[in-house]
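Chain nomenclature is as follows: A, B, C, D and E, assigned in order of appearance, with residue numbering initiated at 1 for each chain independently.
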Amino acid sequence: MRRVRLFVTLLACAGLIVALAAAVLDVAGAAVSSELPEQLRASLERSGVEHPVTAVLLNFRSYDTLLEIGVLVIAGMAGISLASTNSLEDPALRSADSLLYALQRWFVPVMLLLAAYLLWAGAYRPGGAFQAGAVLAATGVLMRLGGLPMAFIRPGILLRLGLVIGFAVFLLVAVVGALMGEAFLAYPATMAGLLILTIEVALTLSIGMILLALFVAAPVTDEHEPEEGAGS
Amino acid sequence: MNGSPPLVLIAASILLPLLYPLLAARPGWHSISRGALPLLPLPALLLALLSTTPWTLELPWLLLGSTWMLDELRRSFLLLTALLWGTAGLYAVGYLGGKHLRRFGVFWGLSLAGNLGLVLAADIVSFYMFFALMTFAAYGLVVHVGGNHARFAGRVYIVMALLGEMAMLAGFLLAARDGGSLLLAELAAGIAASTNGWLMTTLFIIGFGVKAGLPLLHFWLPLAHPVAPTPASAVLSGAMVKAGLLGWLLTLPIGEVGWQSWGQGLILMGFAGSLGAAVFGVIQRDPKTVLAWSSISQMGLMAVLVGAALMAPGQVSALLPVIALFALHHGLAKGCLFLAVGLVIPAGRLLQSFLWVLLALPGLSLVGMPFTSGQLAKAAMKGALMVLPNVPLAGLLPLLLQAATLATVALVVRYGWLLWQQLERGTIPASRWLGWGLALFCSAVVFWSLPTVALVMSD
Amino acid sequence: MSSALLYALAGVALCGIGLAGFLLLNHLLRRLLAFNLIGSGVFLVLVGLAQHRGGPDPVPQALVLTGIVVAIAATALAVVLIRRYFHLTGRTSFKAESEGDGGGAGS
Amino acid sequence: MTATALLPLLALLTSLLAAVVIFVLPESSHRVRILVNLMAALLKLVIVALMTWGVFHGVDFSVSFTMLPGVSFMLRADALAMLFAGLSAVLWLFTTIYAIGYLEDSPNRSRFFGFFSLCVASTMGIALAGNMFTFFLFYEMLTLSTYPLVVHRGTEKALRAGRNYISYTLGGGVVLLLGIAWLHGLAGDLAFRETGHFQGADPALHGQLTLIFILLIAGLGVKAGMFPVHGWLPQAMVAPAPVSALLHAVAVVKAGAFGIVRVVYDVYGIDFAFMLGLLQPLAWLAAFTILYGSVRAMAQIDLKRRLAFSTISQVSYIILGVALFGPIGTVGGLVHLLHQGIMKITLFFCAGNYAETLGVHRVDELDGAGARMPATSTAFTLAALGMIGVPPLAGFVTKWMLGTGALATGVEWAVVVLLLSSLLNAAYFLPIVYRLWFCPVAAPWPGERRWGRLETSAWLFWPPLITTLMLVLVGLLAATAFSPLSWAQLIVVRMYLP
Amino acid sequence: MAGLLFTPLAWASLSLLLDFRKGRCVSWLGMVIQVLVSLALWYAVMERGGFSYALGGWEAPLGIALRVDGLAVTFVLLTAAVATACGLHAGFYLDACKPWQRYFWPLFWFLWAGLNGVWLGADLFNLYVSLELISLAAVGLVALGGEAAALRAALRYLFAALLGSLAYLLGVALLYGRFGTLSLALIDEQLASCEPALIVALLLMLAGLALKTALFPLHGWLPPAHGIARSPVSALLSGLVVKASFYIAARLWLELGDRLGSPWLAQSIGALGAAAVVWGSWLAFRQPHLKQVVAYSSVAQIGYLFLLFPLTFAVAEPVSLLAQQGITLQVISHALAKAAMFLAAGNLILSIRSKRVDALAGVSHFLPFSLFSFGLAGVSLMGLPPSGGFAAKWLLLQASLASGQWWWVGVLLLGGVLAAAYVFRIYRASFLEVGDSDDFYHPPQSLEAIPMILALLALGLGLVAEPVLSVLSLPFEVTADVNEAQL
């Protein structure tokens, strides 16, 4: 039975590969008559950033990005909703290893710097808020694993505020545009660059927080809520 | 309504007995409701006496539109019904105990209403309605006494009555279609004209034959009549069986040409019943059963007369009064005989012999003694039958008639014998005597002054 | 055949392999990895197919970036759930319980 | 909105609103509930009377709006509608009164009366429905609103009966829906019209139309309790007596029978249905059901079950009348719709009285009940005689009309069926009557209760007497204007002479 | 317009900062706004017909456009109604003392935002992101509270959702590779004839979406997830979330199906739907737990939706319209009825303190209101008049008959009967009388009223089906009028 299942599954996957490959080749052979690249080039200067990917991400298709951040916030939220601890640091992991500690003291500022650079560079070359946020989160992970105290981030309200700040700023900008008579998510052409930078900064912070929170959140509480209606 | 009695009288003659159950059903009013029994048919009697000319009454709002009428034939039946129920009612006042009195009163009233109504009804639906009312209510009278006998008799009665009703209903349905009219008067013509005439005639002969005790349809009669309380037996045997006869007269194609063989068949059936009943009757041990068989026997003779009317369209006008006369005679006499069964012989010797003479009187009348109603009826019958053209077994007719008389004699003798043996000695309420006496009076005296009789005698 | 198309075909292969893994593996983490494999395959197809002729197209790159973030979010959430599930039940797969009646049997 | 449009809606809403109010009322507010019940019933009676008067004088009461693309919700009061509406309005009043007494001191009254009113609202909707779609709408609503009534007692037996009931009726509903949908696909939205819609339809469609007809009749036949889909009816007898009365006399079986009348006359048109050769088999089926129900009834010991089989038999009279293809037969069938309702409701009231007052449920426990409960027993006797077809009671008028109708169209065998059925009716009713009046009380009553002066509670006492009076009067005064018979004749005149 | 997208997201972030009680107050305010905005948008579409809305001022293909047509606003309004009801119910129903309940509100709002995104989306990739938003929020809601069974269900749900999304995205990748645009409308314009690669793409997308919609035989994840979640969450999931992926599938099919589909494909999808109807109903009938019954009923009801595929493929325009209207009604009525049913089931479970069906014995004595709501919702599921379910069934019947695909008639009718079987099973259980003791917990009036209102809406939908459906056929103007659209 198992063998049959294995065989069938493998066969199906092979079939999928063949079909997909054929489709890919078929598509590759067809002529594309899209005006998208021209439009993109034409609109790039109005976008407020120079790098096309960032422009697409944060201006042309900023709605996608907004929702994407929403997804991240959800994940972070769902993560901490399951967590029993509110703190980002784990006392059990606090290390007394002085070498590691010293190393970290060197690494952390460098990584922070790197994050800032990535963020700034995003405007004209590969980089941007997500990359910066990821580095930020990595810094946090490192600090946690290394046992650095992170008391500066208060659990609870501050944590949640951190989670949501990027998203909130993004949204605020979006709606301000709408209130000023533009479409939802439209930036005034003159301020586009500045606004995008603001959003990116806030996003970086939030993304870092979320990824860190997700890393931390998973310990377990022993407290059980009785299932719905199961009686006391 | 041409010269008819006041409407209120017509209404009262039906409604009084019909609504009487409401009075009878009241608990605690025993003496009043019992006392009212003989009064119930009084309006009807008055109506019959006052209606010197035929009248017709249209009641289009009732049922499917109904018509009531009273002609000579009906008047005669109405008289019989009213008289007999009245006397039996009077008798019942003294006869009934307290037990189930209310129930008896209810069914008595309903049966009476049905019996009176069917006489007055001139359209199919009303007739059928009253007939059914009488049939079903009489069941209550039959089983009144209770016990196994009564229950068995009741079951036989109701089954046969239902079969009769169904046959009747089927006949009426067919007749209504083919005749295109709901009036009884137009029934005969409708039947005669229809291709289904044979079917309808058969259905009617059977349907009413059950009530009239035609041979093979008679089984219920010797069972039911004896078990009923005596006054009820009297009306069952005296009045209600006559409803069957009236049904025949009203529904069969009498007066139409071409029903000779049917008439002949009916005559044969009638004689068969008349003679056969005597054979069974004389071996009975209960005077009431003997009387029941005697009723079958007498009804057989009446069936002979109906058959004769069916056979000879030309003679109808002569035959109808004869039939009415015979019915009247038999009803009154039979009523007397039944009521006598419930009597008690008083102590005084002289009184006893006088009483026996009186007791014998209706019996002798039945036999056809001179100066009795029976003699007149028999003579009329013989006269009417003898002049008929091509009667079957024409030669045998006198013989058959004599045989019938003989049968009657045998039954009456047997009845007298049983009565002699079984009649108790003691005292009974006066109203019983009064009822019986009144019945006897009607049969022996009033009879002669009744309009129908006068009509026949004047012929 | 351009190199971009090669990427796309590699992505196709990844999809197939990932799907097989997803369907055949029981361990939850492995399934999650298989899912990530499929995800990578899809992104490769998306980017590779779109820019197999001529210059880079920034739109699919941006899409893929978004897709990656979404995938990361989902993966992270899944990891949290798996860890907690493991902690509560000591199980690393669905198999242990009877199939089809997962919701009913609560504490 | 004019009065002509408002009245049908009002007729519907009186009981619908009553239902809502009753549902909302707390269980303990008996007086308010009784008041609401009675007021609604009276109000409805007045409205229906008004509409009847209007219809008689040719006023067109109708209201409609489009519900779905191509389908409209349509209420319309024609003469036939008023026949059924009148029946349910009148009998609702008495059943309500009866039910108030019957359920005194029993739990779940709020629920009961709520669904009860809902049930009547559905019946009213069925009566006033102006097309097949609307008819179906209320038809299914009826199914649903009667279910809680059937299972009201909540016993295992009641629940089983309820399941049975719902399986049958929903199954029938599905078949009916198929038929209606198919018909709709074929011919569009069909408003009921007195001569039908298919006069001179394309012969190519005849096959389909025949099939649809069979579907429709099969679907409706379930509720009408036709053989062989009558199985739910005797089982549903576990319901409280007023419910049985309602199911049998007014609502459910009548809805089925009424639907068949609508389909035959107002959708297909009698001539067309005859031309398709559909009426003959229908008549046979009805005739068989009549006899079958009667024969089965004889074997029942439980009083209500006996009445149930009697219903199976009696409702098919209506269908027989419809299928006889003739105006007189139709009159008979239509008038039986009412007459059977009055008679059957009386019988069930009486059966309920015996059960409630004496604790008697079986026929053989009834010995001597006539002396203890004369009024109820009189009512029972008269209703039973009416069922047998004894003149001048309601049943006789029906039988007479059916009989003459059958003969007029040359269907002589139907008369034989009628007579045979009358005999069978007598065979299972008369023994009961005999026991009531002529048998001595054999044993103490299983569960006797006493109420002051009357033989039973006043709520229970009067309804059967009033319906008995009605069943006598509708027969006795059949020839007057506004009697059921005259009304049925009016309908038939409008049906046959467009 | 902006409000529609903005409010849920803003409220999501706002409520994240608050605890459950404060979040509740804030959320109720938000719901009011959402309902008003939805109504206004609906009214606008009623007045002017549909329009297209370019986000950020960037027209497709460069930017993301929203398509605001009759269908979309109908669903937006439906979402507003159902979500509001669930939100109100949840406010009373959930235990405010549990610390994790605070996360209910943000997840709830994100879910709502995602749903609106799907209804209005006209960009294939944006739809993907919206779907993921919905999926993750839904998974988060299921897992909320974090006990083992819930986690298990949530994980199964998550895996299914992710796999489905990726399959969909793969299809999108192929389409983008072929057309260089993500706008569904533009693809529709450029698609001239059938190409095998595009069929593969369509199949992938449909398969992914079918998995997310829990089409038989891919339904395994749904009953545990919907059954284990808290009742308001179940109501949201069953009522709205599964419809989102179906909505996308239906839009794809209606836009591209006529060229990329084949009778074979249409019929087999229909057959799967039919199988879902039968199998789901049967399983629902067999479930021992109340909410599992309702959850399996969702599987069955979703099956109906997939009859859209055969009934709109290669049939005359009016027939296709009938089928579309029927399916739309089915979506709406199922959303309302199922939400009502889950909420009522939640109330019932609260009062009997057990999840089992047979524990319902005697409850009809004391809790007729919730039971009544349950029953009314059941009426719609059974497809009995005058409910929306009936109207839908009627239209589908007509469409089946008119298109000559009579075999679906059997499915539709059989489905109704089977639904009756499981609904009446519940009723039967509750009508059983077991003594007079009232040891049931009586939920507050507000909890009872909400499912009642939803059930009545579902029931009355059939009566007003015509006006509801008339919105669907409003004209769609491609000329976007951005300014007026700002609400």
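Just so it is clear, a residue touches a chain if its C-beta (ideal position, glycine included) is under 8 Å from a C-beta of that chain, and two chains touch if they have at least 3 such contacts.
Source: prediction; values computed, not measured.
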Contact-linked chain groups that survive once subunit D is dropped from view: A, C, E | B
item: Chain labels contacting subunit B and also subunit C; value: none
item: B-D against C-E, pair bridged by the larger set of C-beta contacts; value: C-E
item: Greatest separation from subunit C - chain, by CA centre; value: B
item: Farthest chain (mean CA position) relative to subunit E; value: B
item: Length of the line joining the C-alpha centres of subunit A and subunit E, rounded to whole Å; value: 28
item: Distance from the mean Cα position of subunit C to that of subunit A, given in whole angstrom; value: 17
item: Subunit B and subunit E, separation of their C-alpha mean positions in angstrom; value: 84
item: Inter-chain centre distance, subunit C versus subunit D - centres from mean C-alpha coordinates, in Å; value: 65
item: Multi-chain contact sites of subunit A, meaning residues that touch two or more partners; value: 20, 24, 27-28, 32, 36-37, 40, 61, 64, 68, 71, 74-75, 78, 82, 224, 227, 230
item: Sites on subunit D at which at least two other chains make contact; value: none
item: Residue list for subunit C, restricted to those that touch at least two other chains; value: 8, 15, 45, 49, 52, 59, 63, 66, 70, 73-74, 77, 81, 84, 88, 106-107
item: Interchain contacts (touch definition) - all pairs; value: A-C, A-E, B-D, C-E, D-E
item: Footprint of subunit B on subunit D - complex, ascending; value: 370, 374, 385, 389-392, 396-397, 399-400, 403-404, 407-408, 415-416, 419, 422-423, 426, 430, 434, 437-438, 440, 475-480, 485
item: For the subunit B and subunit D complex, residues of the former touching the latter; value: 25, 60-65, 103, 125, 128-129, 132-133, 136, 140, 143, 146, 151, 154, 158, 162-163, 166, 169-170, 173-174, 176-177
item: Interfacial residue positions of subunit A with respect to subunit E in the complex; value: 19-20, 22-24, 26-28, 30, 32-37, 39-40, 43, 59-64, 66-68, 70-71, 73-75, 77-78, 80-82, 157, 160-161, 163-164, 167-168, 171, 174-175, 177-179, 181-187, 221, 224-225, 227-231
item: Sites on subunit D touched by subunit E in the complex; value: 23, 65-71, 73, 107-108, 110-111, 133, 136-138, 140-141, 143-144, 147-148, 151, 153-156, 158-159, 162-163, 166, 170-171, 173-174, 177-178, 181-182, 184-185
item: Subunit E - residues contacting subunit C, complex; value: 125, 128-129, 132, 135-136, 139-140, 143, 146-156, 158-159, 162-163, 166, 169-170, 172-174, 176-177, 180, 182, 220, 223-228, 287-289, 291-292, 295, 355
